[in-house]
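The letters A, B and C name the chains in turn, as written, and every chain counts its residues from 1.
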Amino acid sequence: MVNSASMATNDNFGQTERRDAWWLAPLLTALGLGIFGIYATWAAFQGVNYEWGPYLSPFYSPLLQFSWLPRWFSPALLILPFPLIFRGSCYYYRKAYYRAYFVDPPACAVGEILPHKNYKGETAFPFILQNLHRFTFYIAVIFIAILWYDAIVAFDFGGKFGIGLGSLIMLVNIILLSLYTFSCHSWRHLIGGRLDCFSCSKMTEARHKAWSRISLFNEHHMLWAWMSLFTVGFTDLYIRMVAAGVWHDWRLF
Amino acid sequence: MANLNEKLETHECDVIVIGAGGAGLRAAIEAAERGQKVAVVCKSLLGKAHTVMAEGGIAAAMGNVDPADNWQTHFKDTVKGAKYMNHWRMAQLHAQEAPDRIRELERWGAVFDRTPDGKILQRPFGGHTYRRLCHVGDRTGLEIIRTLQDKVVHTPGVEVFMECTISHLLKDGDRVCGALGYWRENGSFVLFKAKAIVLATGGIGKSFKITSNSWEYTGDGHVLAYDAGAELIDMEFVQFHPTGMVWPPGVAGLLVTEAVRGEGGILTNSQGERFMSKYDPERMELSTRDIVAKSIYQEVKEGRGSPHGGVFLDISHRGAEYIKKKLPSMYHQFKELADVDITKGPMEVGPTVHYVMGGVKVDPETCQSNVPGLFAAGEVAGGMHGANRLGGNSLSDLLVFGRRAGLGASDYVKGLSNQPKVDDTDVEKAIQEMLAPLDRSEGETPYEVHRDLQRVMQTEVGIVRTEEDLKKALTDLKEIQARAEKVKADGLRQYNPGWHLAKDIKTMAKVSEAIARCALQREESRGGHTRLDFPEYSNHWSKHNSIIRKESDGSMTVSTAPLPEMPPELKKLFEEEKH
Amino acid sequence: MAEALLKVYRGDEKTGKLVDYKIPVEAGMVVLDAVHYIQGYYSPDLAVRWNCKAAKCGSCSAEVNGKPSLMCKTRLDDFDLSQPIEVRPIKTFPLIKDLVTDVSWNYEVNKTIAPFKPKTENTDEWKVYQEDVDRVQEFRKCIECFLCQDVCHVLRNHDKKDLVNKKDLFAGPRFMVRLAGLEMHPMDVANRIPYIKNEAGVGYCNITKCCTEVCPEEIHITDNAIIPLKERVVDEYYDPILKMWRAITGKS
């Protein structure tokens, strides 16, 4: 057996020979995800101000209201777990939080905290569950359909077609959410990536086309992830502010 | 005296293959599949041999793109490219067997670029009548070596010894019996006892200053064979590739693949003139390498060169998309190393030492040299490419003759009646020679001698030669050989490049002498050998090969041998054309 | 003439230290040129690997200012030359001397991968289209520089290199690339998915993408090789619906 021991196993947390600002990217990620997380939790527990006119906050859609639930229970709490596990098991977000929160690794060629023998990666509980990401994707697709419905309804001002700033924000939001969802790695795999031969039949050729197209979007999956994260939060904020009467919805048409 | 009594690591095998490029790996596979126990030894890590750098493609008359192509045409192109100087039988076997060798690679997992109807794609190249070069973008060699490497790993009976340098061949009487080497890692010696040896060590480019070759190309195989009594043939024929990088200085000599011209690249001088129309109006940029190289040399000499002493090569008219797809590594090479975007503007290029046509004289069928049990294949073998090699013919040569050498060695071993024996005193003498530079308390560094050797070869035995220069080169080389015997290697035996070079410069000086001697003898200009004092073809020399031999007193002599005559049915191929 | 100060690691694992060298800087010079200058003029026994000098062979891997890089591709003028440039050997493998490490572990891993197994030996029947091999060709660009192996924290910090029991083993990004190239080959019929999950330990990869960041061949290691392999492992091991589908139809 060859001696193969790494010379870096005893590196301490943050130990590196890199001289650039390697800590900046994980720090920004941690802040970005942290701010969103705090805002989303706060908004989800509000249980008010999530609707205004034709607008419905994405945190609260589909709106499930049951009479048997206590009054203080916000309807957002029933549905938010699903987008949460979708994003939580997303290949991109995994990278982001493994680096930013678990510092495993904090950045490339930088020392870690965990003692080296205990590392299990995604081979053991809990992270082995990440393998179920495709099922969260299936659920996410249902949400996408519902949010498209919401976005279309947002142009319906009491039976008359209209455009408010809120309608546009909801439209942009669902477009970005769709881009994010359908650039998913699992989806890319299922649509065509699983095939070994693309040219073998008419069917596989069609799947190859779809795969190629999705691959183009998939390359920017991280971009869609951040942009849609921002718009989904902002859409809620906008509707919340309008509903609370702090802002006024701007009617364009 | 250091360590003579240390226990010498010893391995026994049937065949030792020296070199793990395309030729060596193919030979090893063949010999092992025929039941031989094979040791493959190489100086670098596995997969890093020169073959990995080959870019443009591998020539074989598959007729996938041009169905009219056949082995006869490939044969004729090769012989004409070689200026009728090669061994007809090698050229014939090469043209006939190359397609099979490529199909075999595909079966072993190689993934070539494809035609629209799902076959291996072929591209045009200098001197080839048809589109003939199977390729993978501009990293064909990588594909080939990786395929062979993975095949070797799963071939029972082959063991690979990497980062191990063979310094001496050993003989029992007139047969070979083994080889001595050292581990680069720790400098300890290792003895291989073997019944047959296949040399597949590649070329000699490191004797020159401007070269596309790596540190490995020190002519080891040539000199190992020569010292073992094998004849070398046609050593004057050194290929200057027309297009090497000329700027910046650090990368001068780095290859710009011929595929750039194959894909439509245009050569111009400082006046914007497409000068190849003067030298070869028919084939233009796709003329043979010797002609293009000399044309560029001429343009620069007459003052029409580019700012850094080359000419311009432009492919930008093919469009960025196409270039990035078909020539990705050229694109990156220029972008990253020279700040030039070849999708937007021209590159500056000039000739660079690339390949040696000359080498160990071998029997075409078995690749055996005149020393029993000593075989050679690939760039280290001579005779296949005559005075000039066509692009793409080397990779196919490696496979065709690598296989044949493996086969030949295997048959030879099977035919042996008794096992040859290694003589311990030979081993001891070799070890002493190796350790001497480390034991010296004073002396030059080998790097200094190497720099001088490169300067001599570049200026005196370069792309154009004269009697005066060559004679001077021979005296200079004598002096360099004497200095090489006295260099001092600093440091210890562990991974010590200076110590390794101390041996290499002796080898390079010897192979350089062989080149200079042959060049002085051949009083004509042909292919890779140009004499200003004899600018024409000569009738006499068109029928003679040069031969280098080691005499019993240890001196090097040069002589000639008649060129083997082509049988009538092959000759006819050339006559048919004239009508 | 401009000068650069190089600090080069000299010695073995225990006694090594950075040694200063002053180098005259030429236009377009790369770190490997500087190292050669040191060999040629100051220190002939400085150990370094290189072959092509053109980023084609993957020999000259090192860590320049802490970043895993090919020395022949790293230009001096990309640095602020008023600061020293530090050149160290790659860290994930045992040091032999100076800039040379023992990377033989990688060759041992390669041996454990089942070789290419074609559907048919008769290549006349092979019809393989460019669209089928585009993916595979990306993976076959790999020059085995092992920079991705060097930077991968599973090997670098967690040292998952146990080739004996194969329990604590991660084959590393380089071999995920190789495996992807075999698994996605349209003509290959061997099944390496159990190997990828169990021995090669694809689950150890937490897709943090450092391998992709350093790959000089710009192979999208994580997105195009590792994630698709993880998905293939899911197909076979973690997807009850596909399992049922396979049971019913007998297809995969």
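Keep in mind that, in the parts below, a residue touches a chain if its C-beta (ideal position, glycine included) is under 8 Å from a C-beta of that chain, and two chains touch if they have at least 3 such contacts.
Keep in mind that what you see is a predicted model, and the values were worked out from it rather than measured.
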{"item": "Chain contact topology (line, ring, star, complete or other)", "value": "line"}
{"item": "Chain occupying the middle, per Cα centroid", "value": "C"}
{"item": "Farthest chain (mean CA position) relative to chain B", "value": "A"}
{"item": "Computed distance of Cα centres, chain C from chain B, in Å", "value": "28"}
{"item": "Distance from the mean Cα position of chain B to that of chain A, given in whole angstrom", "value": "56"}
{"item": "Chain A and chain C, separation of their C-alpha mean positions in angstrom", "value": "30"}
{"item": "Numbers and ranges of chain A residues touching at least 2 other chains", "value": "199"}
{"item": "Residues within chain B bordering two or more other chains", "value": "118"}
{"item": "Junction residues of chain C - those touching two or more other chains", "value": "102, 127, 129, 132, 185, 188"}
{"item": "Chain C residues touching chain B - in the complex, by the definition given at the top", "value": "26-30, 33, 39-41, 43-59, 73, 75, 96-98, 100, 102-103, 107, 110-111, 115-116, 118, 121, 123, 126-130, 132-133, 136-137, 140-144, 181-182, 185, 188"}
{"item": "Partner chain C, residues of chain B touching it in the complex", "value": "44-48, 50, 52-53, 103, 106-109, 111, 113-114, 116-119, 136-137, 139, 142-143, 146, 150-151, 153-154, 162, 185, 214-216, 247-251, 254-255, 329, 332-333, 336-339, 445-447, 451, 489-492, 494-499, 501"}
{"item": "Contact footprint of chain A on chain C as seen in their complex", "value": "13, 63, 65-68, 86, 88, 91-95, 102, 104-105, 108, 127, 129, 131-132, 150-151, 153-161, 163-164, 170, 183-186, 188, 201, 203-210, 213-214, 220, 223, 227-228, 230-235, 237-239"}
{"item": "Residues of chain A touching chain C in the complex", "value": "1-9, 11, 16-20, 91, 94-95, 98-99, 104-105, 108-109, 111-112, 114, 116-117, 119-123, 127-128, 131-134, 185-186, 189-190, 193-194, 196-200, 208, 218-219"}
